[in-house]
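Both of the next two complexes hold chain A, though its partner changes from chain B to chain C.
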Partner chain A sequence: MRLPVRGFTLIELVLSVGLGVAIIGAVASAFRVASGIASATRSLSAENAVMRAGMITALNEADCWTWCDDPGDATRQKLRAWHPTNGRGLPFTPFPQRWPLEPDADPELHRGWDPDYCWPADDARTWFHGNMAERWASANTLYGHYEAFAHLRSRVTLDKTTAVSPAYGSCAPPHTWFMNQLDGLRDNLGFYGLCDYLPANAVFGSYGSANGVLPVVDQGWQGFWVWPVPFPFWTGYFNVGEGECMIPRGLYGNSNNASCVLIPGCADTSLANATTIELSDANVRQYRVGQLAKPADVQDMLAKALPKRALLPLAPASWPNARVSVLRMMGWKRFITSCRVRCDSAVTGERVELTFTTLSTTLRGARRQRRVSNDPASPAYDVDLDGGTISTACLVQAP
Partner chain B sequence: MKIRRGGILIVVSGMSALLAALSLAFIARMRTDAEEQRLLATEAQARLMLAAACGYVLETSRLGWGVETCGWIDVRDGTPGPKSLGAKSPGDPRNDYAVAGVVDRDGNRVYLRGSGVWPDIGGIARCPFHVLTRPPFALRGDAYYNPIVTDEADVAAFGRPYLRNPDPVPAVDDQAAFNAGDLRPRATSVGLSWFRVLRLSPARFLLTCGAGATRGFRDWAEVVAAGETGAFADRTMFEQLAQGEVRLWYLIEWNAACGDSYNGIDNLQNGVDHYVSHAMSASNDANFLTQPMHRNLVGTVRWIQRVTEAPARW
Partner chain C sequence: MLRVRAFTLFEIAVSLAVLAMTVAVVAAVFPIGLKAQTAARFQLYASAKALEVVDTYNSANNLQVSVDPESPVPWDVPLAYCSLAPDLEQRVSSYRTGIFPVPLTIARRLDSDNDEIQQVLDERRHLYYSQPRATTGIRDSALPEAPPNEAQKLVFAVVGHPQQNALPYFPWKAWPYYAAYPSPPMHGWHINEPGYSLPATPTRVHVATLSSGGSSPVLWEDTVDADIARVIVLDPATTPRAGYVDYAAATGADVGPAAIRYCQAAAWYCAKKGLPLSLYDGSAVATDFDGGLEPWKQVQGLRFLAHAATCLTACYSKATLDASATAVIPSITCDGITSHVLALDHQRIVNLHDSCMNLAMRFAASFPYDWRAPRPLNRSIMMDHPLIQWDLWSPRLAGKISSTSATAEQWRPILAQDAVGDDAGGLGTSFHWMTHPIPTIDPAFAWWRTASSESLFGDRANFTLTKPFAACERARQLVFWSVDWTSYEDFETAPSAPVDASKYPIATPRNPLNGATFAGRMANLMFMDWRMFSFRNPEKTLCFIASVAGLPTGADVLALRNGNQDFMNVDPGRSDQGDSLAARRVFSGLFGADRNGNGALDRGPISPSVRLRAMLVGRYNFYDMRVPATIR
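Then we have the complex of A and B:
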């Protein structure tokens, strides 16, 4: 039996070609959509991964302060410097070398930094003994010469007479420790360190002068603390004149509409190549950040203080461009560690940014993490930057 | 014989397989992302515990012992605390300020120097961090208790700020229940995080901040010693939980200083001696409302130091 041989009719051919084209088109379209989804997924996943890595990097930096001072790289320890002419240190200047503890039988005469002293509230040497109501520019000393109670120097001559108070003559002020701590922290750490190290209720004011830079004056406030005047050789001032009164203030009064900022002097900031004196200048001034600030003020502060560090400096151009920033500042008496992770898509240019603050290692904690010397043979190997003993064992103190 | 052709079926099957494979890859990638995201969330959770642990150290310097106490370093005489208010009554060498009958939540005297038990130096406080069903002395969460009537038909009350209801209002009416609270943990908050505090010296503490379900037990022996084996299926389960959690260590130092007031004293006119003192409790002027400007009223944390390696004891 011969099977009938059937061919294509024209209609069948047209239909089959049409169906074939439709199927191929559908397949191509589906593949394009699917590959687009896969690509977008990959891109989104990469951006998420980069943001996660950026967040971990920022948190790690907040805890370890490595950008400011790299314990393992002596070339990246610029904040340990000391400027001899002006007698100024930087936030990581080692106390054992510049401001070592000098004990005395009289605790009021201790000088230098004691890393193990906790400033208990019952210890009178931690109290402020000045006259909060006495104005710097006023000579009336209405409530008497408080320099007789507290001073930078342990032997002073109070020979000025005013309308309401006689000359006291030679005095031995019993309280000299606190004011020396105040001036010492300012001189050895800069403003951010000063605020970080002092207790929260500290009053910023000292009578007289004694650090070898200011002329020796026995009577009256050291003007630096009570009015916006710069210290000799310094370009910035600490007191912002809040309330237009020339009196010592607490932390809030000294940081109203202004901020003490830690200037790291690290790569990716405008002061990456700064000299010691430039870094010091930047760390002993207030930055205007409040309602009185102009955009240029804030931009200047951010350029100096906010490193924009590439998270993946060697990544291919097609990868997301991510930068991590950590800023440390104190304003309105609040200490802030502000972290920022910014990621730009290499494909669309779209920017994703995550900004957050975190509770983390303070400056003093960071100094306690670091050795004065990385040479195990050195006696300073086990000494931290405050003069304490480096220890990760966290041993309980014997009662 | 009828010949069946499967061209279209093959094409459609291929397309389906392709889409299924892509979907599977997408889901797998998303799952990986989610797992990595969970690690980040765990890290953040552990860091939240740093704030919680600092808050715990601050508050327990003065509060929470049944009586008000005077700080980890007693503000009266500089000795280790926390010891209660009251007259000094030498007699018990472990606590000169001991008040008879005053005990903490575990039935211990507020502070016994040399016991080695929290809050003594060397003691450890373990704090699983979950949300209570209703804390003691909880208030209702209403945003406002006396809303102003906006119905114009109510002529007598429309637009008038009547204080008809007490403000605030307890969460429950029963006084005993209000005082006691409902201490059962909310199920959704269990097993997420915890912290531990080891007191190293009068004012220095080692904090361990954890995110995970071990409830702050360091090892299985500690679980057994605490009689809490029922909280875990067995030792293997506990150790798996321990391996999967994040632990961060920090050293901190407490200080009694509470922060300064707005200005302490303000010279209102620069050329004239005209001083106004703003007390810490001033409330007459929002500008000088100094209490909110304080970090807290139970001391401050002087410094924080991350410890990157697990200490020998924590």
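Then we have the complex of A and C:
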């Protein structure tokens, strides 16, 4: 018997092969596209996760300031130091140890920082009693001795003479609190802290010099506040000299074209290994990064102030390489917290950057979130860096 | 018998179609993940940008100190313009603060859900993109190179209408005026402006003896109270003269006697104002006003006398003041008023200073609408600023734009309380226009007035700044979309979005050298980037100053950007100033801008004829302020 079996015809074979090829081609193409998309999705997803983590890290740092001062690690609290020779502190120097409150029956004679005082606008202590029209470089004191009203010291001797003015003599200025607060904040915190702590309407100027380090000079402006001259022992200056006015000015006048920058001295900055005095010098100078800035000025500031912290230092080489930066500065009377998240693709090397400014905790807020001592047995355990009672509700913990 | 047969061709075709559909469906599913990740990326950018915009809105300073603030008619100065409104998009849309309008020709090509973008544009509002870098205030041209900012692929709009805002200043008189306390009467420099503020009275000529650098200091404060001129020069016909000017100009042995004569003039002013001797003899520190006398008179009297008295300390030693009769201030008579004799020793001078400060601070905090004494520069506070808004419902003021024949209209102002600016109970004059009482009776500026009795002000019933409100009434929304508008061929060559005329910082017409013509007023102000950043094209620093149409893609265009100013009124940075056609083109951004800030001319691959779809990324509610303020 003959089985009813027959082979493919040539046409059938050709069609079959053709269809097979088409199927394989379609599947291969789909697989390739799918694989590419999946790879891109995975890569984008990883980058997104890293960018998201970077943004959260930056915002957390903006709020907690742990790069500047790590409350749980005494080796990362460089900004709590004090330089005895120059009598200067840093942004996290504890007030209870260096500038404690010394009450007096006369409120004008209070010294040190009072963490509970709110600087009410109707308290005469907070007003500026100096002569706002008096130029520092005047040859004589045309409008009289305002040192007799307000001064750093509670008893002064005005013994300089000019062509028209005799030596005035000794007197007791009634208003000494504000100028001591001004100089005290500068000496204990540096410029950023000074601006952070003072009210927005503060006028910057004091008569005489009496920080315990400098020779006592009672007469005339402390030139430091009214003209860009460095203080003795200081490398920087506060007044930027705009307009050549040589008179005391407010925050806007003192931050035109220049900025007070918080220099953290933390890892990943050019001052990571700086000494206390180097850190202090960097925190008591203005940085010319405004309208008239040159690229070198900006580079210098960024190198010192902008940490470029690796987000995932132990990540595999195939992961995106991300760095997070947070910069704090005050310029144009604006307190700026600028965040940057920079992510490099491990595969293509392509760089993605996200920069933004954000609302953040003030330096004063950050200091009040930190204990003077982490030893529960210490009386300073419940004391914050301003000398107040610490609020455990907003205590910053080590990350 | 076995019946074996293969698939038919039809069966195979159907199978293949099913397979193809399956593969197509699967292939279509794959990009969903990619789209989700892309959307997640843009949500991240949007949240960061929303944080930045709101931070900048709240914390960036709002000082525009180099614009002219005063004029007899409100439309001649930009204070009432929307460029100074405290609304988010007005505050933040500038070359200093970070968001720029997307060119209208490009924005019109973008589709979105419910056509929301086009609705925003139809309402004459802008779609925005972010500047290439974060808004730190650091000079952008000095910043190091950075990778492209992907956040520029986000566009966003402010949805919801702002409430009517407070005026930043009263355009006729930019109160508050500040003075150091204590101080002599306010005088200041003016360029010579015949008919406006050129020294015209003997007293002002005397002040001009202190002139410097070709400018003439002129007294302004006697427009508040004519007696104040007596503190400058008590009696020009008397020799030696008493008053501030002669003390300031005194030399040698005359300095001490001149200081005493200055005290006499100030004491005479106190007597003329009827101040009780106990208030200003220095025997005690005043902490509150004497109830029977207008507070401003007490503030002014103590301000001048405390200043004059302190001048004694420059001329005599403390021992001399305390031990002798040297500092006895003799009485003096002028215009039938005889001043009291004063004995000013050191402690009394200190007391006078404290009395002056106490009453000045109390006055500033208690009487924000009494403008007869300047606010103390020693302590500026919120209460220095009166609350003013336009009345949108009363008949408008109408007139001409100065130096032109063009007509203008303006709503009438409403103050929360009646303001008093001079001793006659009127608003007095402004420092810049000290010869023009407010409201002016000068026919050159009184077009708006149909009758001399017509009030300048609107109806206080329409004043809303102090009314209770619900939070939702001030809530507005930032809406973000993602769309790669930077891939358009004309991404950088398209002209800027239309720039509101309020962005041009025109000068008040007071200076006859430049104010005679509108063109002169357009060129009169110094264009200082950092002192008037709410004005000019928001894309100003990136705008091209010449056509780039003929340049190849990738060409270096750094030198063609309007850029930042290096110093005051010099190029680069002011190619947009003046009435020339070239300047107007630059101001309006007609040549395009280096919008991604990379210094090269970029042209994307997408033709302008193609429409793009913008995908909604997120919505963020925020609180829109009605008053000019910065918050930390």
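Definition applied: the second predicted complex is superposed on the first by the 380 of 399 C-alpha atoms of A that agree within 3 Å, B and C clash if a C-alpha of one lies under 4 Å from a C-alpha of the other, contacts with A are read in each partner's own complex, and residues count from 1 in each chain.
Note that a contact is a pair of C-beta atoms (placed from the backbone, for glycine too) under 8 Å apart; a residue touches a chain by one contact, two chains touch by 3 or more.
The model shown is predicted, which means the values in this text are computed figures rather than measured ones.
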Touching partner for A:P166 - first (chain B), second (chain C), both, neither: second
Touching partner for A:R285 - first (chain B), second (chain C), both, neither: neither
Touched partner set for A:L359, first chain B, second chain C, both or neither: both
Dominant toucher of chain A (residue count), chain B or chain C: C
Touching partner for A:R328 - first (chain B), second (chain C), both, neither: neither
Contacts of A:R368 with chain B and chain C, given as first, second, both or neither: first
First, second, both or neither for A:C118, with chain B first and chain C second: first
First, second, both or neither for A:H110, with chain B first and chain C second: neither
Which of chain B and chain C A:A30 touches, first, second, both or neither: both
Which of chain B and chain C A:E242 touches, first, second, both or neither: first
Common interface residues of chain A - those touching chain B in one complex and chain C in the other: 19, 23, 26-27, 30, 34, 37-38, 41, 45, 48, 52, 55, 121-122, 132-133, 140, 142, 200-201, 203, 250, 252, 333, 358-359, 362
Residue numbers on chain B that touch chain A, as the complex places them: 8, 11, 14-15, 18-19, 22, 25-26, 29-30, 32-33, 36-37, 39-40, 43, 47, 50-51, 54, 71, 73-78, 113-114, 121-122, 198-204, 206, 249-251, 253, 255-268, 270, 273, 275, 293, 295, 300, 302-309, 311-314
Chain C partner contacts - residues on chain A that touch it in the complex: 3-5, 12, 15, 19, 22-23, 26-27, 30, 33-34, 37-38, 40-41, 44-45, 47-48, 51-52, 55, 121-122, 124, 126-129, 131-133, 140-146, 148-149, 164-171, 174, 200-201, 203, 250, 252, 256-257, 259, 289-295, 297-299, 302, 327, 329, 331-340, 342, 351-359, 362
Touching residues on chain C, where the partner in the complex is chain A: 1-4, 6, 9, 12, 16, 19-20, 23, 26-27, 30-31, 33-34, 37-38, 40-41, 44-45, 47-49, 51-52, 54-56, 58-61, 63, 133-139, 142-144, 146-147, 149-151, 180, 183, 248, 251-252, 255, 307, 310-320, 346, 349-350, 353-354, 357-358, 361-362, 365, 376-381, 529-530, 564-567, 630, 632
Complex interface listing, chain A residues touching chain B: 19, 23, 26-27, 30-31, 34, 37-38, 41-42, 45, 48-49, 52, 55-56, 59, 63-64, 118-123, 132-133, 135, 138, 140, 142, 196, 199-203, 242-247, 249-253, 333, 358-366, 368-369, 392-397, 399
